[in-house]
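Once you've had a glance at the structure underneath, I'll fire off some questions.
Chain nomenclature is as follows: A, B and C, assigned in order of appearance, with residue numbering initiated at 1 for each chain independently.
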């Protein structure tokens, strides 16, 4: 496994991409983490109010667990991982093999359009991290 | 996989407490959590499950403070010890920078210790990591049982079983009373931070 | 883990920090206080309170009012869209919306034209450029639906105009991103052929759009342009542009003339002719709708209305048609050994169909094209045909062209089938090979004006005279 060495430039680019796409579209918080639960980028309006460290660790474990569940039913992985709450929703998306993008948004934002944007953003972020 | 964030000058190290089921990994973390000042510790995250087993993992983030402008953060994880949670255990090991192997001194758990250490070695290999190259500390837990009617292993027996190959530093401990918990943590933290910074930072801090 | 000289001090400092911090039962270590841990717990109380519900209250009586059933397919389609923006989901929603529009009383449908058109446009934009649409677009459509529901039950639309209709209109307008339609292409085509193919091609390569060109083609021009007008006025913030005002004034003059000189005489003629009552009613409705549109435009123009507006001369048709083909691209194909061309926007189906279709002889039931027992015909056809009801599609049968004039025979096993359709008339052709797009800009075009034939004119392609086949309304 490779170590991540993040330069300020890469992080800034990633943050700009996330801000420009998701936060501008009304998403509350977007967290970019790695598979081990490290936080690479934390963007959004109430990003300070969320216990991001716990969220990242649980999200990484959650994705690991669901991908095991997927294998148990003969799937490679699930393409949609989403939890719906009363006022808040959370969507998890894989960025390549190593990274995870967590998106937290309210009732007024459509999951379908968040998914579209996350799909677009995935390519951009992969491009940024793979140079 | 240590995360070094040069933009925020942060170093994150991940230390995983490994060992057979019910050897006291979570108790180690709880003791650390309850003894430390609020400003240095984060929120202890445990996933509530029925019974006292760890199903997923426990996480305790710690903050070492600023050293040479670098904010050093350590995250302590435990793995579920029970054999059947192999997948989660492997997942938590992902990106570990340092390891504490917690051994159970009960006579009846002797085989479990050896199996668990072997399991650790193979799981790391699957991530391309070698146990002998990673920071490792072995903790012989539950020393408070010595002298009670419960049959326990001696330190020599434990050394022969678990430490003949790796020659790691060992600590006797009693996680419930707090004995040896911080000695273990101190040693593994030093080794781990040094390991991470040696790998990535030496040229930055000249 | 050996200390290299440059790291020694650094490591010593780290060791010190660790010793201080992890002294058993340590109090607050001084180093640790350098940066307070940011991972403090969040109490649930600090989580933002739920936003107040904004949906207009709907009296229970309206829920069971006429047309309530017609709303549920659209409601379901919106739910699907909320989960996934896919061409299929958008298509279903647009069809359901059209269905609702069809079920409204004529008066109300006319008054609500703009809402319908904007909702449809929003769906269309979602297909073309989902990344540009506001993420609350499905929610906005929901609100549009609530308004329509209220309107269906309302005795008098003017009562809800201010409270519901107007706010919904402005929300819809705000949700539609400014994706300019390529008006220049329309202007360059004097015969009014919709540049639908070009419009699709020019759209940004969104994943949804490339999978389904169909949604972008659907809106016919007359429906499409009307809703753009108020949006255009609104967009400029205040005064509409001079060009627009002149164009609308000219349009009003033409509209007035058409009503007075074309529609009213025919309406009167039908009124006097026994057996033509139905046609008379249709004409009356048509006239009334046009007059209402005229009133709308007059209202929108306000002081800018000029009763004596100068109507610009019609573009000189012969000058254009004599040299350039009115369609920038045509689909070139071989039918029975002859090279012919079709209009891309009229192609409703092109594929190699199942064996039983090949035995259809001179008439092709459209329902034979569907795939699988549970498949829908609407899914395999595109263009105008795809907007017809499944029930209607099931009953449609179209003639199979026989250009050679010989006895109809079974087509070759590998030939593909082409169906062209426009304004209720269609025809099927067996092709020797699949169609190819041809750019007509360099080919000589000679129009044919005989309305009795399907040939709109001939193109000269590499020395061969190629008839361009077009369906005309009967």
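The criterion applied here is as follows: a residue touches a chain if its C-beta (ideal position, glycine included) is under 8 Å from a C-beta of that chain, and two chains touch if they have at least 3 such contacts.
Here the structure is a predicted model, which means the values were calculated and not measured.
Compare each chain's C-alpha centroid with the centroid of every protein C-alpha atom shown, and the nearest one belongs to A. Among the other chains, the CA centroid farthest from that of chain B is the one of C. Separation between the centroids of chain B and chain C, computed from CA atoms only, is 60 Å. Put simply, the C-alpha centre of chain A and that of chain B have 28 angstrom between them. Computed from the mean C-alpha positions, the centre of chain A lies at a distance of 33 Å from the centre of chain C. The residues of chain A that reach two or more other chains are 51, 53-54, listed in rising order. Shared interface positions of chain C, defined as residues touching 2 or more other chains, are 39-41.
Shared interface positions of chain B, i.e. residues touching 2 or more other chains, are given as 42-43, 61. Those residues of chain B whose C-beta lies close enough to touch chain C in the complex are 35-43, 61-68, 71-72, 135, 178, 181-183, 185-186, 189-191, 193-195, 197-198, 201-203, 205-206. Residues of chain C touching chain B in their complex: 1, 3-4, 6-7, 10-11, 13-15, 17-19, 21-29, 31-37, 39-41.
On chain A, the positions that touch chain B within their shared complex are 1-8, 11-12, 34-38, 40, 51, 53-54, 57-58, 60-61, 64-65, 68. Partner chain C is touched in their complex by these residues of chain A: 21, 25-27, 46, 49-54, 86-88, 105-117, 119-120.
Those residues of chain C that touch chain A in the complex are listed here as 39-42, 46-48, 50-51, 81-85, 89, 126, 130-131, 133-139, 206-208.
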